[in-house]
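As written, the chains take the letters A, B, C and D, and residue 1 is the first residue of each chain.
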Amino acid sequence: MWQWFHKLGSPKWFFGIATRLMPWLLIGGLLLLAAGLVWGLAFAPKDYLQGNSYRIIFIHVPSAFLAQSIYISMAVAALVTLVWRMKLADVFVKAIAPVGLVFTFLALFTGAVWGKPTWGTWWVWDARLTSMLILLFLYGGVIALDRAINDEKSAARAVAVLVLVGVVNIPIIKYSVDWWNTLHQPATFKLTEKPTMPMEMWLPLLLSVLGLYLLFGWLTCLRMKTEILVREQRTRWVKELVLAGGK
Amino acid sequence: MSSAGRTLVKPIEQGVGPLSAMLAVFSRDVRVAFRQRQDLLNPLLFFVMVVTLFPLGVSPEVSFLQQSGAGILWVAALLAVLLSLDHLFRHDFDDGTLEQLVLQPQPLFLLILAKTLAHWILTGLPLVLLAPVLGVMVHLDGNSIVILCLTLLIGTPVLSLIGSIGAALTLGLRSAGVLLSLLIIPLYIPVLIFGTGTVAAAGEGASVGGYLALMGAFLVLALTLAPFAAAAALRISMSNS
Amino acid sequence: MAFDSLSAFIVMEGHGPYVWACYAVFAVLLGGMMLWSAKRNHSVIEACQRRYEADAKTSAQPNRNASATFARVEISQD
Amino acid sequence: MMSEPLLQAVDLECERDERLLFQNLSFSIVPGTLTRVEGPNGSGKTTLLRILAGLSDAWTGQLLWCGRPRAHDRESFYRNSLYLGHRPGIKPLLTPMENLRALMAGRCPVADEVLAQALAGTGLAGYENVPCRNLSAGQQRRVALARLLIADEPLWLLDEVFTAIDAEGVKAIEALLQQRVEEGGAVLVTTHHDLQLPGMQRILLGGGQADE
């Protein structure tokens, strides 16, 4: 068990696995995402309430899912960094924080644009959008702190503390923003998917969510590989690898 | 055991209890602060000035001020606390007392709790005491002022506690002040929401006991978790310097 | 197909600009991030290669920690 | 054989900012010895002392405290070791008396008369109640050094003890360290001052080897 755990923590081992996995992730991700989006854009029936603007859902929801799950996975990795000092865990956090930021921004942007035809305004202080905005701030803080600390190991551990503090706060923020929202504007019309979404809308959404997760997997492998190269460039295995062609 | 055969130096088994160590940290911080009394006034002045900006910058109308007064006071108090946080560990870090603090044979989180408590007594509590005066100036009614002060009384320690994590994380960095705000403001949002929300609910005649209890829960949560996080962050920052 | 013609698909009953703007930004950011990450990976590999080659050349040179002399530096006065 | 080592370093390695400061550094610190860490500027003397003191975590290898990994019993280690760093740990706004009291408070509080004696021993008699910011750099360091006159910790880690101290003071401190070692204390110092005491152990940095 522990041996397996340590093997998982070895950058060299990960490098090999990632290299083999990446083509599959890329091809699978692109295919699924393309299928989901084309289906959603062109073939899924239009929503009887919102019309065609609802088609934004096929990128909004996957982005929002990723934005949240990236933060959660960062928190898990942060815990591993602090408790077991596993090298790969802090490589992971550093590699995916900017990706999380981009997906959070995408979720916000698509949410705002969706709001224009739906509510007639670009920005609504809706509970979901506001929580997303705060999540964006959290990502921003994590990245800023990481950039501000020169020493790699200290940066990784400081970031881990911050991420964990953030993850404890996320449910509290979510709850308080929901409460604040009901206090200030009684719920009128929500951006949420209706509970009875027909299969023709639900399936393309599922496809694009899966596709985007696979692409995220590819991005994670690639960015982690880059980070490992930077950190381990003085080890012999990296040297041999790079001189042998750098794949 | 010893080749000299006359070992006089013996290992120390027992030390001071953590409570008296905390008391020592607390009293030293208070003493240092009172040696430089004018610094204690700065957050208060800042608080008053920020509140003054709103009637000047937005509108002096009674209806506007009544409606947003609690929010203005809360935001101003939050910023004042934020501004003072940079000093929480900075001076100790510069003169080396923080090294000695970290090396004390005591649970570090308790010592940090003592420091944070001192910080709150020296900055947060005066803000709470000053709030009624400013509340009158923004035309809040008596009941709202009482509720506002209660929320500030429960909320400002939470601000200090959460802030101690940020202060510890950014210790010794170049642009620590700005970075500290970036890290901490998102974490302050729930406190702000419930602080102002409670006052608003009171204004509508709702019972606020539940809200105050919830803020109390925030305080308990911050009291139990923040010192641990701050201690971990402090060790990391010390290791980096 | 949920639309009668290509133009109907593009206009989307007036919601076209919003939908297409979202998809465009999504494509640009996702694609950009993927390309940028790949490019950075590549440049890091190249930087490593250059470094190893440079190391191989300079490894014969003497230790850079030569002892300090604190001799004054002569400045030519033309 | 000497008595059991207090602190043992095994294959200590430290890398900072992409630079390897030392590796395979192994040594033991035994009660009743004085150890001097030597090396040119930038060779990692202060870093080594901060690692040994428990301030820095930027190391790999093993550190044993009384034969057991130090991480297992940090509190006992902190209680039994005393570290004086570059920065003296003196609050400029407080008086020497208050500073010393605060420094001792978390370890073993002592009566004010003892503190006053210690301050007098470092040549600060009459300055007990003057704010430290009005004292010179050397005097401020003396406030920190006053701890050495009352400290019971078996292990002392002293970084550049002689900085800003006058010649007479240096001699007195040398005598103090000598006496401490004879009593069975273990002392580790970094200094550029030419310290020569009988039976001194040396750790050479910069070359990368330890020398017993």
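Keep this in mind: a residue touches a chain if its C-beta (ideal position, glycine included) is under 8 Å from a C-beta of that chain, and two chains touch if they have at least 3 such contacts.
Quantities reported herein were computed from a predicted structural model and do not represent experimental measurements.
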By number of C-beta contact pairs, the top two chains: B-D
Per-chain CA centroid nearest to the all-protein CA mean: B
Please compute the C-alpha centroid of subunit A, do the same for subunit D, then give the distance between them in whole Å. 48
When the C-alpha atoms of subunit B and subunit D are each averaged to a single point, how far apart are the two points in Å? 34
Residues of subunit D touching at least two other chains: 57-58
Hunt down the residues of subunit A that sit against at least two other chains at once, touch-wise. 151, 154
Indicate the residues of subunit B shared as contacts by at least two other chains. 236, 239-240
As the complex stands, subunit A meets subunit C at residues 37, 41-46, 51-53, 55-56, 59-60, 63, 98-99, 102, 105-106, 109-110, 113-114, 116-117, 215, 218-219, 222-223, 225-226, 229-230, 233, 238-239, 242-243, 246
Residue numbers on subunit D that touch subunit B, as the complex places them: 1-4, 31-32, 53-58, 66, 75-76, 78-81, 83, 85-94, 98, 101-103, 105-109, 131, 152-154, 180, 182-185
Touching subunit A in the complex: which residues of subunit B? 162, 165, 169-170, 173-175, 179, 182-183, 185-187, 189-190, 193-194, 197, 200-201, 218, 225, 229, 232-233, 236-237, 239-240
Inside the complex, what are the residues of subunit D that reach subunit A? 16-17, 57-58
Quick check on the complex: what are the subunit C residues that touch subunit A? 1-3, 9, 12-16, 18-19, 21-23, 25-26, 29-30, 33-34, 37-38, 40-41, 44-46, 48-49, 51-52
